[in-house]
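The structure that follows is given in the form of structure tokens.
Chain nomenclature is as follows: A, B, C, D and E, assigned in order of appearance, with residue numbering initiated at 1 for each chain independently.
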Amino acid sequence: ACGKNNNEGAASGSPSASDSAPASSASGEALSGTILAAGSTALQPLVEQVSTKFMADSKYSGISVTVQGGGSGGGLTQVQGGQADIGNSDIFAEEKFKDADADKAKELVDHQVAVVAIAPVANPNVGVDNLTKQQLVDIFSGKVTNWKDVGGADQKIVIVNRPSSSGTRKTFENLALGGPSQDLPGSIQEDSSGTVKKLVGETPGAIGYLALSYLDNTVKALKYEGVDASVENITTGKYPVWAYEHMYTKGEPTPVVKAFLDYLMSDEIQKSDVTDMGYIPVGDMKVARDVNGTVSNK
Amino acid sequence: MNSPVKRENAAADRVSHFPKHIREEWVGRVYVYACVALLVVTIFSIVWFIASKGLTPFVSGAIRIQDLLTGRVWKPEGEPPLFGALPFLAGSAYVSFIAAAIAAPFGFCAAVFMTQIAPKVGRRVLQPAIELLAGIPSVVYGFVGLSVIVPFLRDTFPGQGFGILAGSLVLSIMILPTVTSIATDALSTLPAGLKEGSFALGATRWQTIYRLILPTTLPSLLTGIVLGISRAFGEALAVQMVIGNAPHVPTSLLQSAATLTSIITLEMGNTVGGSLHNNTLWSLALILLVMTFLFVFIVRLLERRAKR
Amino acid sequence: MSETAFYTKDLSVFYGEKQAIKNISMDFPSREVIALIGPSGCGKSTFLRSLNRMNDVIAGARVEGEIWINGRDINDKGTDVVRLRQKIGMVWQKPNPFHKSIYENIAFGPRYHGVRKKSELDEIVENSLRKTALWDEVKDRLHGSALALSGGQQQRLCIARSVAVQPSILLMDEPASALDPVSTAKVEELIAELKRDYCIVIVTHNMYQAARVSDKTGFFLMGDLVEYDETQKIFTNPSHRSTDDYISGRFG
Amino acid sequence: MSETAFYTKDLSVFYGEKQAIKNISMDFPSREVIALIGPSGCGKSTFLRSLNRMNDVIAGARVEGEIWINGRDINDKGTDVVRLRQKIGMVWQKPNPFHKSIYENIAFGPRYHGVRKKSELDEIVENSLRKTALWDEVKDRLHGSALALSGGQQQRLCIARSVAVQPSILLMDEPASALDPVSTAKVEELIAELKRDYCIVIVTHNMYQAARVSDKTGFFLMGDLVEYDETQKIFTNPSHRSTDDYISGRFG
Amino acid sequence: MKPKITDRIATGVIIGIAGIIMAILAGLIVYLLYRGLSHISWHFLTSPPQSFKVGGGIGPQLFNSLYLLVLTMIITVPLGVGAGIYMSEYAKANKLTGFIRLVVEVLSSFPSIVIGLFGLLVFVNLFHMKYSLAAGALALTVFNLPLMVRITEQALRGVPREQKEAGLALGLSKWKTIQSIMLPMAFPAIMTGTILAAGRVFGEAAALLFTAGMTTPKLDFTNWNPADPHSPLNPFRPAETLAVHIWKINSEGRAPDAPEIAAGASAVLIIIVLLFNFGARMLGRAIYRKFTATK
């Protein structure tokens, strides 16, 4: 229940906050302080870029933002433990803090700053440009081992996976495959999306999955169930494999942190940097998804 | 203000209880003992912290040690989660042993070259070259492995190039300096006259090396090999970049595999502290630690043998 | 005078820049003992080692000049060094037995030179040990480690090891200087015995020893051969002032 | 007989299990030169080094027995070793000047012991160098490196260095054995000179040297002090067979 | 004749293998330089990296590596030298010394990733240093300390015993003897060893992933106040080093010219390592000459 409240808070806060926050700070003297945002490597470039702009803005000259990577898990741990002010994560905190730790997630407040879609990608020479959910499941479970069985070239399939702890993988498994997949013998596992892209591009017969922000023409993004991972399809919910990028704070953000989060949610940023970097602004989404994966229209 | 006092000390021999040189002695003593104490504290805290983290999964009863050590399936996010580390143990063992098997003869030959065949060329050229090999950072080895060895293996053999063989090749170059330098030391500190004694009997160089030097220095050579294995076992990034990282007990040299270090590098940042998954990664680190002790122990045994 | 076993002509040895041996010409008669004496660092060992090209082993050592044995200059490029060294035995100041059994120490050489038969090897081992008066002391532990022997025994074992490959020349570098009186006496006896078959060149810093065992003596000083003559002459009536100074202990 | 500078009582030295010096009691008169002779490895250096507790430096060396200097046993726990060593100078076989200038080599000790004034130091340096007959040879390059001196000069510099801290005893371990005839003669002269102020204990393997420079001689054999007497007696009419054997060169 | 032929063949094989090793090294270096040199420019060496655009550099990373190295050495050298002096001069032949030797040996055998993880637990989390240069420097200290100890110990053992005894025999205290006679003589060896160790520290990445972090804040190179979060000198800021950057670029790099940057950065790294190596040798020789006053 708590998680839901947080979502709404962040979602509803976004349009109005952009002008309220500077207003509040303008009333007093200029804000000053430091912010440490740590976590997801997928989100890191965006936050870095925005923080640079933020600090260059004369209004916030007293605030200094430091962005660290370390992975979603690390970010959540650090924000939970108080070592970081913001924990960047690709997945809901509830998915990471489970069982005995479930309480820890309740202390965190979610700020969804962008949406990222994930597409199955393949080496350009496999001769396939669309896969159904069942075909994907067959491939990732090892039932199908040759591209010709899914209508492509006669070539062995090489799976390039992310580690089981990856947010990207979790999203892909849950939303594209419909459940956890196994690590098959002979599959390759790579730490980061960059490597996955590189390998899929280089390795004949390779298949993997990537956030759209990583896509370029060295790999081929496959349609999922005939649907293209276009902005249009994602915002309308037609293309289902997408996830929020979260920035968690422990409890409600301090004024300084709030100023930064509001800046990130401002139209100026969402319409330029966020889209430029291959993410989709949260405000553009016509559907929303909660921690249990239930999708609803907004 | 010091000098008059000192002068007095020097003059009045036994009057002062703390003549200058005794004070001096204490300063030195406190300094060096403090440094050593710090070393000891460091190692104990390493063991303590890693062990206390790494043992939690067992203490809490979430996993049994034998399941971790013998389990073949690593599925930390599955339902139920499975933590079988055998694939990583096997991967680490394979890469390091194969690397040592490649490096050992190379290292021995290099050492023989440097000490017996062409000491001058050895000292001027080969020795610095090997020291340089030791100086090259592991990420650079990883980079070269990724951009040369992996594509080469992919094009030459079936498979994707990633795997045990790629890892072993990269590692064998990385541990070559270790193996070589120990072999060189052993060969050059041979009891004086041993070699000359053999030459003087008219034995050829190879005879001397093979029949006299090799048997006499064998324990030291083995020490070098074990040290090499130990280093390979703990190497992280270079291996992680070329081994493929699939959590399976490898069935072929050309198949993607994972090692203890590579899986830690891969997953540590993506898991939240305190979770079972995260703690189990610390258990893997603990295994690395225990292996280090084991290697040191073996090295010590061999060294004792070498002394006799 | 007896026939010449070998001789050197203008032999010089350099360690890097430094000349340790300066243009030495010297001839060595068969079946005689030649002693080389001189103060520490004068080049005795260096000279001795160049006679079987053992200086090849030392990095930075360079030999110039000629050494004629059996009508060939061993400093020639074509020389078969291995064969040469088989013909010239060598014994060092510090005994250097191999880390093997007594038997193996002696059998190592002959086996290497082609003797395979156990009975033949046994015979060689026994003969060599008898020649060096070791047989009775070690015959019960032939297969025990050579390192367990005393210093004097080790030294005699090293001599036996040289003798086993049937050399014609024996080079000895202070072979008794690390030994006790009894062992010293034994080694000196041995030298007197062996000179019946070999030409023996011995470096020593004990002038009495030189006087006792040698037929001819060469006095070295800072790389030069100052004087080379009958031992008796050297010790009673040397031609050079510095020889006299040295043997009467005015330095060294 | 003159007064005693120091004496040892039942002094033994062990290296691990091995006993290198066996219960030696010996007394050393002031203002005399005592020579220690004996074959290599008999324990001369070991004995000498225990006299200023230099064996403390060697891992595994253990000293038993007493050494009395000025009414105190220096092997006592309470002994201030540093102070002790200041009173006992030492010179080694191989000259070992510090890698500093000539001036610094000599000034180093006095300065450490509290002499600060430049003029005083200058004086000490000059006096020490004069005493060792080096002054004229080096006065123009006092601030040049000590390593640029010849071996003989280096050795005299080392003696000067010891002398500069005003010891009362000088220990010398084969101080001339690496030197040429001329330097040897100079060092021997120096010893004769210095004995006016110090008790000098000198180890030598050159028996002529022992005979020339010393007043008393001790003969060591395998850790035992076989004989200790007036030098003249030892060299003309030794009481022991082995002393005779040794000085007449039958071994060593 | 037969043994001689075997000898020839064996010698040939050994020389061949020595040649192969040389070829591997030469190949490695030539390859790295060939791939990377063309990308190295002043701009590349001084400008910050770009996440998505072409033309990023490695300026901050280069600075971080050097600065981290300096920080590490400031901590390591006094500690390592102290412990090294203990090992060579104070350690008695007893159980305690044996134990300390074991400690040094074990410490030097720990995989660097384990040391990195230890740093994460203790420096980053327990001491609240977060990902920072300070945490990285401490981790590297742990990593480098045993080596430093060994270098010092060996250097001191290389000092002739007579030198030490000469000092003692003059009535110098042990500490004074060590300080003013032995250390100066050991200095060239310590110096050479330290520079070589520095090369190793410079290229280390695994111990830094979880301590110094994989990011660099925006640095203001005109601000040299170490307390300021934007100052390059602030030891409590995170810092991605060159080696870590190479690792990250190889995996994460999203800039279109990522492969070139990786190659260029590798070349820079290898050039610096080469400089360290040759520098150490030359400096060692020069200092030796100066100290022994062989003018």
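For the reader, a short list of remarks on this structure follows.
Keep this in mind: a residue touches a chain if its C-beta (ideal position, glycine included) is under 8 Å from a C-beta of that chain, and two chains touch if they have at least 3 such contacts.
Here's who's who by UniProt: B = Phosphate transport system permease protein; C, D = Phosphate ABC transporter ATP-binding protein; E = Phosphate transport system permease protein PstA.
Quantities reported herein were computed from a predicted structural model and do not represent experimental measurements.
When chain pairs are compared by contacting C-beta pairs, B-E ranks highest.
The greatest centre-to-centre distance from chain C, using averaged C-alpha positions, is reached by A.
Centres computed as Cα averages put chain C at a distance of 35 Å from chain D.
Centres computed as Cα averages put chain C at a distance of 50 Å from chain E. Note: centroid distance chain D to chain E, computed from Cα atoms, is 46 Å.
With touch defined as above, residues shared between interfaces to two or more other chains in chain D number as follows: 82-83, 113. Across the assembly, chain B contributes residues 21-22, 25, 204, 207, 265, 268-269, 273 that each touch 2 or more other chains. Counting only residues that touch two or more partner chains, chain E has 3-4, 125, 172-174, 176, 210, 250-251.
Contact residues on chain E toward chain A in their complex (touch as defined above): 51-52, 124-125, 128, 130-131, 210, 213-215, 217-218, 229-230, 237-238, 250-254, 256, 258. The touching residues of chain A, when paired with chain B in their complex, are 41, 69-74, 76-77, 80-81, 96-99, 101, 104, 158, 161, 163-167, 170, 180, 182-191, 199, 202-203, 206. Within the complex formed with chain D, the chain E residues making contact are 92-93, 160-174, 176, 180-181, 184-185, 291-295. Listing the residues of chain E that touch chain B in their complex gives 3-4, 6-7, 10-11, 13-15, 17-18, 20-22, 24-25, 28, 31-32, 35, 78-83, 85-87, 89-90, 100, 102-107, 109-115, 117-118, 121-122, 125, 142, 145-146, 149, 172-176, 178-179, 196, 199-200, 202-206, 209-210, 243-244, 246-247, 250-251, 262-263, 266, 269-270, 273-274, 276-277, 281. Remark: chain C residues 52, 54, 57, 59-60, 82-90, 92, 94, 96-99, 108-109, 112-113, 158, 161-162, 164-165 touch chain B in the complex.
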